[in-house]
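Please go over the structures that come below.
Shared between the two complexes below is chain A, which has chain B as its partner in the first and chain C in the second.
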Partner chain A sequence: MNDTPAVSVEHLSLRYGGVTALDDVSLSVERGSVLAVVGRNGAGKSSLLQCMLGLIVPQSGNSQLLGCPSLDLTDDVKARLGYVSQSPELFEWLRVGEQISLIGGLYPNWSERRARALCARFSIADDMKVRALSLGEKQRLAIVIALAHQPDLLVFDEPVASLDPVGRRDFLRAFFEHEARDGAPVTVVISSHLLEDLERIATHVLFLEGGRIQLLGARDEISERVRLAVTAHPIAEQRGILKRRQIAADQWQHVVDTRTVANDALPPNTALSALGLGDLFEALNT
Partner chain B sequence: MKNMRVLLRFAAGLFGGHWVAALWLCAIALSWVALGLGLMRPMTLLDAKRAYLDMGAMLASVTALIGVLAVTYVRNISSRNALWKLAPNSERVTMRLCGAIMTVSAVVAIPAVMLRANAATTDRLHRVPGRLLWGDPPDLTRTFSFADVPAHAYAAEALMLAAFSAFLLLCFRRSGATFATGYLPVYWAATQTSARSLWWLPFAACAVIVVVEYVWRTWLSSHVETYLRRAPKVQPKKSRPPWLTAWRQRKAARSPGREGVDARLAALLALPTGIGMTALSVIFGALYLVLLPSDAVEQRPGEWILRFITWVFAYVVASVLARPAALPVMRLALLPVGHRRAQFGEVFLKVWWRESCTKVLWAALLGLTLRALCGALGWPNFLQGPAFSHGATLQQWVVVPLAHIVGVLGIARSIGLFSSASPRVLASINGLTLLPLALMIVLPLLAFGCKWLIEHNVEALANGRLGFVTFALVNGAIIPAIAWGASRMCRYQWRTASLPAISSSMHIWSERLRKMSADLSGSRA
Partner chain C sequence: MNILFVIEPSSATPIYRQIVDQVARAVAAGNVQPGDELPSVRAVAERYAINPMTVSKAYSLLESQGLVERRRGLGMVIRATVPVAMETRLALLRPAIEHAVAVSRQLGLTHDEALTAFRDAFADTSQQDIDPSAHKDRP
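Right after this comes the complex of A and B.
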């Protein structure tokens, strides 16, 4: 088995005019893992994914997909890649079937049968014009195109944002059933605001804030080590105190990294409560 | 590529659909036909049929250069569209597609170079008889064939086409300027041979477009940088209409009395149209008023052609200015008028009429100002040449343009009347798309019929005398009257109109217009 990570990002920085979209972001995604990228609007999630794929050229840093530089992806790597963007850029003048055939014709290992089956699952009529589809239907078509060639690296940028609950369920089902063509482990990088969905699928979580990594790690490890502490007085800013917020006159809420925080930083007998992904997101971003 | 049929369909769709591809192929065929005519039939310098060769030269040049523009467009799309860019072999398919387009362009470049060389040579002979750059002074009665065109002329035209193609590739490949903006320099390049003094104009136009486009995309358009910079405020701002629409809505809301009803209705129902499309249509209308209206009597062939173009272009301009905007039908159903379905057509007409009137009047203001400026300065020659070729009189300055404004307003009114006549047409997106095109073809035919009748029955207007009066009479009164009659006859259809179907097609139409405007302004809508 190849040991190179599926995705490797080193010191990625991206600025738009005077705004920093990404600030020295480095991460590595092991093969077979599912990385959930979480953050508020404008946190840099889409920019990160697009830099990762070579769709945007960063000011500094570099990234690699399956061992290949993102800005110079080979056909072989492209054939193993599936991408769904936030607003799918489909060719509006084609019919659904033609759109699938056009893109499918470019992939050496495209499975027409699988594409039709996915279309049926996502209830997309083959003969409809793409421009006549609703936003949700376009999103579903983009998912079909991304999954039909059975890639082993999937990058989803808010894939379910425009889907109804049934669409979301179908997406998750297709997601769980997805297998790479050659049986290779499937790596997924997904950004979404639907944290309950991410909670079900993510093995790793990346929290972004203002283009910087706020928190990154395996989900189990994060839920084990990151805890919520409520104290009567604020704890001084220091290593291990990720966020501090006053919630009442004599109550302060702290997001604490229990592995890195100093032993004497917390008052004795402070209760540390576990956090779900949603609670953690809220605690880190309010 | 496994499926060639799909690839061809993709390529055709990329450039606007099958009919655009068909037009391109027709243009190639016609270019070769024009070359064949020139090769088989030597003509004198003053032969009227020489016009076919000149038109063939223009058509072939446009067709060849559009191919180059298409290549830049394909390259731009392939590098920007994530789905395409991330697909394997897409680069190879893109190269093959570009290669095919360039081959077709090269096929039509042959007649383009030959016909342009012919046109350039005759141009030089016409302009400075006896002082040629090469060869002997011509005998105007002697027949002139391709054999008489010197080799330098072919080389000069080939060089000019090649240089402009390279410049076009350079400018549009890198800049990401939209396909539509490229038409203008291509059209100018087709009209300017090496014999013309304005041969540099298409090059300058290209450079200006690229610079303006860069400035627009970098500082003015609402793309990702702006989105990020204003991230916390973007949501409330997005829900607000653009400032011009907001100002018009506020103004209309304050319109008092019965006269204000139409204004209030229009402000309530008119969806904000893209500023790109609106500005372009106004500039288009203004340029029409600067360039074409003339009170020349149709005696010489050139003036007849100018008058013909003035009439035909009036319909093109009016179609652009009065294109039916998408309307929120279900919002209309909630108004007090909502229970009277038979009146919906009238409401549509009122809203469209108000929109097109505003645009025509803006175009008139801009056009008259520019016309006055060009006339006063005497510069640039090509802008004020046709309009003032018969002397700058009050008639030329005021009466003729006003007559044309009346004509264009009349055509705009007729387009509104025809468009709002049948709900069945509005209920289909194809109907909404094809309607302006159909009107652009049918209305001029009707107008030319009326013109012919008037000129053969009214002595004062015979033989193109007071052509601007005929123009205003036909387009400002007769055509709208016919349109009004037709709309009255079709009005009964509104009683059984399917509002959900109209609403659905209007929604798609609105999306299409919004996208078109965004494409034009280079913004991410």
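Right after this comes the complex of A and C.
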């Protein structure tokens, strides 16, 4: 097995005009992980994915995919990559079946059988002109293509908004129906607002806010160590206090990392409550 | 064996933990018998649209706790002499206790007041309400 991370990002910073899209973001995604990227609109999710893929050149920092610099991807690495953007680029003048066959011919690991099965599952008719598809159908077609060439690394930017609940479950199942070339599980990086979907499959979660990493860790560990504490007085900003907010005249809510917070940071007998991903998201972003 | 997991992805309890707890509870309650087979990792992942690695993690933990064993050709089966260790039973009780502690704090009860309430509740609950298989050592 290869120990090179599937994705490695170091000190990425990106600005558009006066707006900071990414601010010194570093992370690495181990092979076989499913990284959920969450944050409010404008938090930097798409910018991060696009920098990872080499589609945007950052002002500083660098990133690597499958051990290859993102800004200089080899054909081999491109063939091992599946990406679905928010507005997929397809060949508008072709029919669905033609588009699938054409793209399929470009990938060494293409499975025509899988492409047809996925089309049926996501209700995309073969003989439709791509131009005539709705945005949702185009997104589904892009998902089919990304999955049918059985890549080692899948990157999805808000892919599931167009799928109904049944389609979304099928989409999540589809991640685990093929293996990477070295026999390991496929690596997935996915941004979405549908936290309940991400909670089913994510091994790791990245919370972004204003282009910075708010919280990053293994999903199970986050559930087991991040807690909500409500106190009568605010607790000073320090290591382990991830967010603080006044919720009533004499009530302050804190998101606490119980593994890193100092023993004496919280008043004795402070009740700590566990949080699902949705509640944690809200607590971190309000 | 027909173990039907109830998976709540949005729960604060990690999914692997939900699976471990449900199998452990089924064993403690006698709802599954030694030799019963757990559904395969793939089948569970597929059914609930969850990550197979999460199911593997749960099964490995159950194996290390001695509740199940890996049998060639069969997958994971409930162990013949299931030792429902005190440690395991206490671990299963822990989430309920933590919840009770949180509520006690919200109500401003002291340590002693809460303990007394627990003792009273324990004494009040009639024997019939308690699952017999978990209390074989009691009259």
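As a working rule, the second predicted complex is superposed on the first by the 279 of 286 C-alpha atoms of A that agree within 3 Å, B and C clash if a C-alpha of one lies under 4 Å from a C-alpha of the other, contacts with A are read in each partner's own complex, and residues count from 1 in each chain.
Everything below uses one rule, namely that a residue touches a chain if its C-beta (ideal position, glycine included) is under 8 Å from a C-beta of that chain, and two chains touch if they have at least 3 such contacts.
Predicted model only: the values in this text are computed from it and were never measured.
> In the overlaid three-chain picture, which partner chain does A:N263 touch, first (chain B) or second (chain C), both, or neither?
Neither chain B nor chain C is touched by A:N263.
> Which partner does A:E224 contact after superposing on A: first (chain B), second (chain C), both, neither?
The answer is second: A:E224 touches chain C but not chain B.
> By residue count, is chain A touched more by chain B or by chain C?
The larger set of chain A residues in touch belongs to B.
> Between chain B and chain C, whom does A:L81 touch in the aligned arrangement: first, second, both, or neither?
First partner only, chain B.
> Go through the superposed model and pick first if A:L90 touches only chain B, second if only chain C, both, or neither.
Only chain B; A:L90 stays clear of chain C.
> Mind working out whether A:R200 is in touch with chain B, chain C, both or neither, as first, second, both or neither?
A:R200: touches chain C, not chain B.
> With both complexes overlaid on chain A, does A:L275 touch chain B (first), chain C (second), both or neither?
So A:L275 only meets chain C here.
> In the complex formed with chain C, which residues of chain A make contact?
32, 34, 169-170, 172-173, 176, 185, 195-196, 199-203, 219-220, 223-224, 269, 271, 273-279
> For the complex, which residues does chain B have touching chain A?
1-3, 6-7, 9-10, 13-14, 17, 81-90, 93, 224-225, 227-229, 231-232, 508, 511-512
> Enumerate the contact residues on chain A facing chain B in the complex.
Result: residues 16-19, 21, 41-42, 50, 53, 55, 73, 75-76, 78-79, 81, 83, 85, 88-91, 93-94, 98, 101-108, 131-132, 142, 145 of chain A touch chain B.
> Within their complex, state which residues of chain C touch chain A.
9-17, 45-46, 48-54, 57, 101-102, 105-106
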